[in-house]
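Note that subunit A is present in both complexes that follow, paired respectively with subunit B and with subunit C.
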Partner chain A sequence: MTLGVQTVQTRSEARPFWPRLVPRGTGWLFVPAVVLVVVVFVVPLVVVLLRSLTSGAGAWEQYSAVFGQDLYVSVLTRTVGIALATTALTLLLGYPYAYLAATTTPRARTFLLALIISPFLVSLLVRTYGWLVLLDVNGLSGWLLRETGISDEPPQLVHNRIGVLIGLVQYSLPLMVLPIYAAMRQYDQRLSQAAQTLGAGPFTVMTRIYFPLTLPGVVAGCAIVFVITLGYFIVPAILGGAGDTMLGQLIAQQVTTTLNWGLASALATVLLVAALIGFAIFYRYSEGRHVMERTRG
Partner chain B sequence: MRGSLAGGLALGVGGVVLAACGDDDDEKSGSGSSGGGETATITFAGYGGTTQDAQMATWGKTFTDETGNKVQATAVDYGKLKGMVDSGNVTWDACVVEGFFAHATANAGLFESLDKSQLDKDRLDAVAGGGPSGDQVTDHSVACYTYCFCMGYRTDHEGPRPANWVDFFDLEKFPGTRGLYGVPYGMIEIALLADGVSWDEMYPLDVDRALEKIKSLGSDVKYWTSGADSQQMLVGGSADFVVVWDTRSAVLTLDGEPVATEFSDNVRTADHLIVPKGSKNAKEGMQFINAAIDPDAQAAVANEIALAPANPDAAAKIDKKSNDLMASGHVDEAAGYIDNEFWGENYDSILEKFNSVVVT
Partner chain C sequence: MARKLLWVVAAIVGVVSVAPALIVIPYAFSESGFLDFPPGWGGWQWFQEVLDDPTWGAAAMRSLQVALIATGVATVLGTAAAYALVRARPRFSGMIVGLLVLPMVVPIIIFALGSFALGSDLGLVGSIWTLALAHAALALPFVLLNVRASLQLVDSSLEQAARSLGAGPLSAFGRVTLPLILPGVVSGAVLAFVLSFDEPVVALFLSQDTDPTLPVKLFQTIRLALEPTVAAVSVMLLLLGLAGAAIWWIAMRLGQRRLRAAAASVPEGV
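Entry: the complex of A and B
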């Protein structure tokens, strides 16, 4: 127990974070990345922000259009809800999988990691239509349920929230597993042994030592999955019903159909703020855990 | 008839365009340009898939035969069109757009004006006569095929099936799941027809009344976002009765699926070809439009994939099997022709109202 806490402390003491990130002498290696980020992310972001403020009659016109209507507010709420649900489900499935991959034999590990990354080899669009074919009433799942006599009326698994969650969780799983796996690989197995010597049962070892120490990976995975899911529009468009429309779909509609880029920019900015808030909460939470562990020690 | 936003993305807008092969601003060489030494390769943006393949093989072939120029395909995306025109870096030379999009005055700045010197007058006049006056040919666009909204249904559905739009909205007499297009275009008209509005008094559309009617379907309705999606609804069984584009359900029947099509009171419209403003091959773009509306090219694409002609002169050259699948073979049963000018001016506000009802 004490050992685990000490590790946490050493980690936070290694904090002078910034200097470690910019090692002296090779700092220039940074430059291309920074230039790329500025050109590819910062500039477009500023353009979007400016467009959202300047395309209406007044600076806030687009925003009052966004918040003045039930449509956008309720779709935003729904979008955040779906992103949270996806994050939770992905974590539930991803943590045990990462644990298995981190603790098994090297050969099985390679296989498990290749398996989890393999969906990236197939285009998202193809995968999503694949789900549609598999999960539809007359699809493979419906056929199996009928043939095995489990159900004559197979449940509706697409064009609704279930379909959206299946599609999004499958898409997000690797993004959750990889950071957790990385954190687990850093875990020193001797800590578990030490805890057991001191009388801790497997449950205590897991909840008091293993999970807290792999938490940074969990937080990273959750933050990535949450933020990415927020902006998704292909999966809900194909696997969801009208009641599952996410904000990304409405933005796409404004960009590609009505060409109302001012409103689209305002919606995108609102989504960005939601993502940042989510990110801040995840970050804060992980920080909070560290502080708690420290004070307890 | 848009593909889907997703489909458009999938095709990925292979941005690599053989940037304007040579400067062919040789105005002096005049039209016809059969003897001109240099040939251009133009880029045609369409909805992808088998439809665009067939258009390349028919319209594109006619274009090459008539002018010696070549054409390559890319995926259309209105957002990209606007982006290109705004930035002055236009890489498309001809592009398919929906009728309402061609008619919207707000979009006029995205299109080159029609260059009548490159367009065959007989073909243009024939197309203009193929629909309501003023709809098929505008100052900057020409209709290139027609289509309609009709009803696809599963033949293995137990119980009676709806035979018209009134039935389609009658959940008590005709239980079953409905499928509708996920945007209001055409759906408003269908809902109003079902509510007893005659086509003569259709415009200006009473959107609120139509949305009330759509609301009455409750949760027994699914919305599709692309033609493939509407087909999957019928094949996959998640909807029993689906508003579809002509051809979409008809080809399922040909494939042996238990699906049939009801054309009564179908709602007609057309897609248009435009040349993006600032196209480096605007002249050749116009020539491409001219080739696309050639009666033989129109008949060829109709016979290949049942894409209904915009030029009525093609009708005699279309086989019966294709004709039965297409909007142009069921004009007698049509309720009417969509007022694209009305939609052009009101699309955005109708979409917002539609979303407020359907999406929330």
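Entry: the complex of A and C
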């Protein structure tokens, strides 16, 4: 018995009795992940950047084409316009939805959250194909309009801007609802009660207290939806028509059909800058900041 | 009144969320090759056609291989990184996390273009491994964030206790920490698998036309014609998605039970 205690004491002089909280060397376990992301992800982005600068006569030749030629400028403005419209429509549907989910009974909340994330279970291509079938003049939407007598000649809802917007809004809804919902769940209901006791009406409470306090979630949701929509390629390619070409499609086209690498790279770099600005906003207002503070200790 | 209006909006969102997935089901049993509504009843002919066409099977097989490699790489590297960042807290942790989540926030078309540029210079386009590693980089942030969230819930003194009772670092991790963070690891892995299996854009750039993955083949087929075979493939994918969700749900339930049991077995103040 005594002997055992002594052994421990002798060993404790050599090294602490308690093992290190974190085994030696584990601090470097993040290195393989960093190597993967740098080699496989960051290097290709640098290649794009370099090609955009080196493939013309001067460094800015491709960029002057991007911002100087009507065709490219119109695709750029159209892309930004579609992304803004998608963000606005998604916010218009997503904010009330998140509010309902945040304020209803636990059972209804579970149902609403399951419903909003259910599209993640379904392949994007399956959903896009579904819209194509659903929105076609001869599909369910046209049939419903004819049968109910609303319209004898139902409008075509795909292969045009409406189809693109519907597809993009559906794709973006969960990305908008989840950050807003998270912000709303953190809201302290007593603030509303306090304001009401002090004489504020429901409208004032909503606009001057609730909305400003849930704004970080709104900004985060809008930033992520805007950025994702800017670069989207599959949805407009399937649901859009000839007049709905977006930036992502133009980039793909420049590489696969005209083999214009320089221009494709310049377009991609413009997109990257826009996305990084969006990400900075997202990071500023969302979990990213808390993540940083937490990991710093 | 206002409450009713909210439910109307919720109903619209709900219909928009599920309608395009549900509509493919009747069309998978469509009578004609056209997509008129109502589709009629044509039995299992489109499923038969998909099963008879070897290119669908080959595409599914290729997607499966790519997704399994990508999931393996992303899960191992992502879990290791999460462990280091949560437990050892190396310097510049915030910047490292920022770098590692980059693939989640950069528009995918830019990465597709860049990896195609680099891949064709190095002669790597068309290889399963190139695409799998590209997908692994895309999936890594999802594993990292999920495992990190799990790790933050697990008391690090449990592992310390195992070590002080003589377990080596690997055995302490494998027998104490890993079982407790398993729900995070599994949900990260499921997300990684889904992301890779369903990823069309990078796959489109990094595949040869003759050797597409399943999403690329779907994309090509949808662009050419609106055949009900696509609806039949869609129904198979829906079933697969439901199976994946079931696995994920079971893993989460098991994990919660384990965490609770572990918390109960540790006396107060340890």
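Basically, the second predicted complex is superposed on the first by the 228 of 297 C-alpha atoms of A that agree within 3 Å, B and C clash if a C-alpha of one lies under 4 Å from a C-alpha of the other, contacts with A are read in each partner's own complex, and residues count from 1 in each chain.
Keep this in mind: a contact is a pair of C-beta atoms (placed from the backbone, for glycine too) under 8 Å apart; a residue touches a chain by one contact, two chains touch by 3 or more.
Here the structure is a predicted model, which is why all the values come from computation and not from measurement.
Enquirer: Which of the two partners, first being subunit B and second being subunit C, lies in contact with A:Tyr99: first, second, both, or neither?
Expert: In the superposition, A:Tyr99 touches subunit C alone.
Enquirer: Between subunit C and subunit B, which one touches more residues of subunit A when both complexes sit on the common chain A?
Expert: Ranking subunit B and subunit C by residues of subunit A touched puts C first.
Enquirer: Of the partners subunit B and subunit C, which touch A:Leu36 in the superposed model: first, second, both, neither?
Expert: A:Leu36 contacts subunit C only, not subunit B.
Enquirer: Please indicate which partner A:Ala275 is in contact with in the superposed arrangement: first for subunit B, second for subunit C, both, or neither.
Expert: In the superposed model, A:Ala275 contacts subunit C only, not subunit B.
Enquirer: After superposition on the shared chain, which partner residues are touched by A:Ser118: those of subunit B (first), subunit C (second), both, or neither?
Expert: second
Enquirer: Name the contact category of A:Val169: first (subunit B only), second (subunit C only), both, or neither.
Expert: In the superposed model, A:Val169 contacts subunit C only, not subunit B.
Enquirer: Answer with first, second, both or neither: which of subunit B and subunit C does A:Gln253 touch in the superposed model?
Expert: So A:Gln253 only meets subunit B here.
Enquirer: Quick check for you: in the superposed arrangement, does A:Gly241 touch first (subunit B), second (subunit C), both or neither?
Expert: After superposing on A, A:Gly241 lies in contact with subunit B but is clear of subunit C.
Enquirer: Please work out whether A:Leu76 is in contact with subunit B alone, subunit C alone, both, or neither, and reply first, second, both or neither.
Expert: neither
Enquirer: Mind sorting out which residues of subunit A both subunit B and subunit C touch, each in its own complex?
Expert: 123, 125, 128-129, 132-133, 136, 138-139, 142, 233-234, 237-238, 252, 255, 261
Enquirer: Residues of subunit A touching subunit B in their complex?
Expert: 69-71, 74-75, 123, 125, 128-129, 132-133, 136-139, 142, 156, 158-159, 233-234, 237-238, 241-243, 245, 250, 252-253, 255-261
Enquirer: Which bits of subunit C are touching subunit A when the two form their complex?
Expert: Going through subunit C, the ones touching subunit A are 5-7, 9-10, 12-14, 16-24, 27, 34-38, 73, 77-78, 80-81, 83-90, 93-94, 96-100, 102-103, 105-118, 133-134, 136-138, 140, 144, 156, 160, 163-164, 169, 172-173, 194, 198, 200-201, 204-205, 215, 218-219, 222-223, 226, 230-231, 234, 237-238, 241-242, 244-245.
Enquirer: Spell out the residues on subunit B that touch subunit A in their complex, using ranges where they run on.
Expert: So the residues of subunit B touching subunit A come out as 4-10, 77-79, 82, 106-107, 182-183, 219, 221-223, 225, 228-229, 232-233, 235-238, 347-348, 351-352, 355-356, 358-360.
Enquirer: Mind listing the subunit A positions that touch subunit C in their complex?
Expert: Against subunit C, subunit A makes touches at 17-19, 21-24, 26-30, 32-34, 36-38, 40-48, 51, 93-94, 96-97, 99-100, 112, 115-116, 118-134, 136, 138-140, 142-143, 166, 169-170, 173, 177, 224, 227-228, 230-234, 237-238, 247-248, 251-252, 255, 261, 264-265, 268, 271-272, 275-276, 279, 282-283, 288, 291-292, 295-297.
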